[in-house]
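Report on the structure given below.
Chain lettering (A, B and C) follows the sequence in which the chains are written, and residue indices restart at 1 in each chain.
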C-alpha cells in the first residue's frame, strides 16, 4: 500500500482499484453477520413452533425439555452441518475453478459427485443391513475413486513430462466420467427393489437428520482442510495465470495442481459425508465471491466460504420452514438457484 | 431405610414382570412397560396399530417424495393422528414434539436416520417394505407385545389364518397359474411367487406363474414381455385415481393375443389395498377382493373388478 | 562468448510425435539484446519456450550459467530468468499493480509476507514501464499497449538478469510496438539485462537488437551481429524473399524493403 501512497503524491491515480482489501473485509464482515443472524433464526424455525423467548432461554442454559431437545439436539447440529458443508463445497469449487481454470468447474465435474452416488448405491444394494454410519464412508470412498478415475484418464501417458495435467482435458474427462458413472448408477437403480430410492434421498443433498455424530464426522476434516485451502491462495493465484506463466514464476505446476486438487477433493468428499451432494454450491459460491471481491484467492476463498455456508444454511432453513412438517432437501433449493446460473454461464462461455 | 428398599425392590419386581425385550433388525429393544405412545413411520405399522385398537401419537402421513398419504381404506381412521412428515424423510421435530415412547421404523428406508430416531425414543426397525407375509405376521405379534395387546395380536393372526383357510375353499383346484402385476401410468411390474403380493395370492390357493428372476422378486415387463408370458389369468393392481399403462396397451392388437384376455380372466384389484397397507386390516380387504372378484374361483370378474374403460 | 548465460547442446525439441528442432547448439550472448527471426514454423518460439523450461527437451541439454536447466529448482530459475509468453491472460478484476506483484512470487517464501525489497521491486517495475499511473486500474480496462507493459512490468519485478519475450509486439499498433521495443533496449542498456526476443518484423529486429539468430526448419541458419547478418542471401534462403537492402540513416544498420517472392 506504501507504493500506492507514493503514487498519490506524484501523479493522481486515474482510477482507484475496484477490489481492495478493505472492500473484502467489509463484505466479509457483512456476510459473517448475515450468517450469524440466520444461524440464530434457524435455531428458532422448524416444524414445531418455538417462540423466540423460549429459544433464548435454551441458549442461556434453561428452558423446558422439549424445546431443549428441538433446539440443541435437532436444530443446532443441522445448522452446524449446513455451515460446514456449505463452506467446504464452496472452498472445493473455488479451488477447482482456480486449478482447472474453467469457470464451469465444480466438485461434480471431476467425478466426485458421481463417484459418491454410485458407490453409495452399490453399498446399499450389496449390504442392505449395513450399520447406519457406514453409508457416508462408502460415499467418501466413491468420491475419491471417481476423482482417481478422472485423474488417471486425463494424464498424458508416454510423454517425458510424465505429470502434465491439462485443464481442458481434465474438465472434459470429468464430464465424460460423471456421465458414465451416472448412467451406471441409473442402471443399478432400474434393477433395484422398492425403497432404495427413499434410502438414497441423502444423495440429493440434504442436511436432514444431521446430529452430533455427523457434526463430529465433518468437523475434523473442515478443521484441517479449510486452513489448508486458505494456505493455497497464492498458489491458486499463480496457477490461475496459466501453465506457462505459473512455471515462469517458479511454480512446479504439476505438483501444485495435484496438491490443490487433492485438498479440493478431500473437501468435497468430506462434505458429501455430511450432507450428500449439494449441487451447484461449489459452482455458485466462487462466482459470487469473485463478483464481490475480485480474482485474488486470498480474498475470494474466505468470501466464498462464507457465501457457501450462508447459501446452504438458507436453503436448509427454508426447507424446514416452508411446508412443515414436510422436509424439502436443501439440495433442491441450491439446484433451483444454481442451475439457471449454470446455464447463464454456459451461454456466456460460448 | 430398610422399608424403603423393600418397597423399591417390590416395584422393580412388578415392572420387570411387564418389561419387554425385543430383538429387531437393528438390535435389541428394551421397554420397561408396554406403551401406547407410538409413532408409525410405515403404513403397515399404522394398519397394525389401528387393527390392535391403538391410535398412534404420530404417523408418516405426508404426501411428498412419491408418498400419496395413507391408503384410502385407512383414511377415515387416521383423522386426528398428527402427521410427522413423509415416510422417506419424517420430520424429526414433529416426532420429538409428539413425545413418543416407541417409534416403529422400516429397517431399510430409515436405516440412515436410525440413530437419530433412537435418540428421540426407543425405536424398533422392521422389514416392512421388503418384508414377506411371514415377516409382517411376526411384526403384528411384536407390535402387539410392545403396545401391551399381545392377546389381540394373536387373535388377529388367528382370524387371518381362518380367513385364509376359508378363502382356500373357494379356490378352484387345477386352475391355470396367474401373473400378478402392479400397473401404474408409466410401468407394469410383475410380482413373482417370492414377493409379498405374489406369495400371498399363492397362500390363498392359486398358483403364481412366475418364479423370482436373478434374485429379483418383482420386475418390470413391456407389452411384448407380457404377451410372451401369455398368462391364462392376469391380475392387475391399479389405483382409481390413475390411468394404468395397460389402458394404452389394450388398443394394441397384441393385447388380444393374451390368453387371459381371450378367456376374460383379467382382474383389476385395488393397488391401495394390496401394495401399500400390508397390515391386518389390508389383508382382510385383500382376501375379500380375491373372492368377490371371482379370482379364486377362476370365474369371470365381477363388474367392479373389470376394466372400466 | 564464454560468458554466455544460456546455452544449448544437441538440443532436441518437439511436441509429442512431431519433431520441431532435431539438434541445436546455441549460445546466447550475455548482456545483449538478441532477436530470433525466421518464418512461421521454423521453431523460434519453441526454442524460446524451451530456454525458459516451459517445454521439456526431448534430448540434449540446456544450461543456465553452466548448470543443467532441468536440475535447477524452478523457483531458483525464476529468480534468474523471466519469460513473458505469447498472449498471456489474467483473471478478471486484477489491477495492474496486483499483476506486477506476481513477479515477486519466486522471491517470497511459503507465506506471502511483503518485504521492503518486494515493494521496491514492484515500484521500480511500475516506473520502468511507465505503469505507475495505471497501477490501480483493472487490466481489462487498459489499452493493448498498456496491458503488455503491465505484463512486462511483472517480469521485471522478478528482477532477473535474463528476460525472454515471445513476440512481445504482436497485436500492438505501431507506436505501442516501438514503446515495448524501446523498453527492452533501455532495460539492456541501463540494467545490463540479457534480452532475448522472438520478433516478426525484420527491421525492428535489426534496429533494436545487438544480435540476430535466424532460424530455418528447426536449425540456426546464421547467428551474428545485427548489422551484418541481414543479407540478400539470408532473405532468399530463410524467408524466400527478394528485397532491397538500404541503410538506415539513423543507425547505419540495414533496412529491408521486400519486393518479390522467390518462389
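In this text, contacts are C-beta pairs under 8 Å (C-beta built on N, C-alpha and C of every residue); 3 or more make two chains touch, one makes a residue touch a chain.
Nothing here was measured: the structure is a model prediction, and the numbers come from that model.
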Legend entry - Centre-most chain [mean C-alpha coordinates]: A
Inset, instruction - Tell me which chain's centre, taken as the mean of its C-alpha atoms, is farthest from subunit C. - result: B
Legend entry - Distance from the mean Cα position of subunit B to that of subunit A, given in whole angstrom: 41
Legend entry - Rounded Å distance between subunit B and subunit C, as computed from the means of their C-alpha atoms: 79
Legend entry - Complex contact set, residues of subunit A against subunit B: 46-48, 66, 69-70, 73-75, 128-130, 132-133, 135, 190-191, 193-199, 201-202, 206, 208-209, 211, 213, 320, 324-327, 329
Legend entry - Residues of subunit B defined as touching subunit A within the complex: 25, 62, 64-66, 83-89, 91-94, 96-97, 99, 106-109, 111-116, 119-120, 129-130, 216-220
Legend entry - subunit C partner contacts - residues on subunit A that touch it in the complex: 2-4, 6-7, 10-11, 13-19, 159-161, 231, 233-234, 237-238, 240-245, 247-252, 290, 294-296, 298
Legend entry - Of all residues in subunit C, those that touch subunit A in their complex: 16, 49, 52-54, 56, 58, 73-79, 82-85, 88-95, 97-98, 102-103, 105-106, 108, 110, 112, 119, 122-123, 126, 132-138, 141, 155, 158
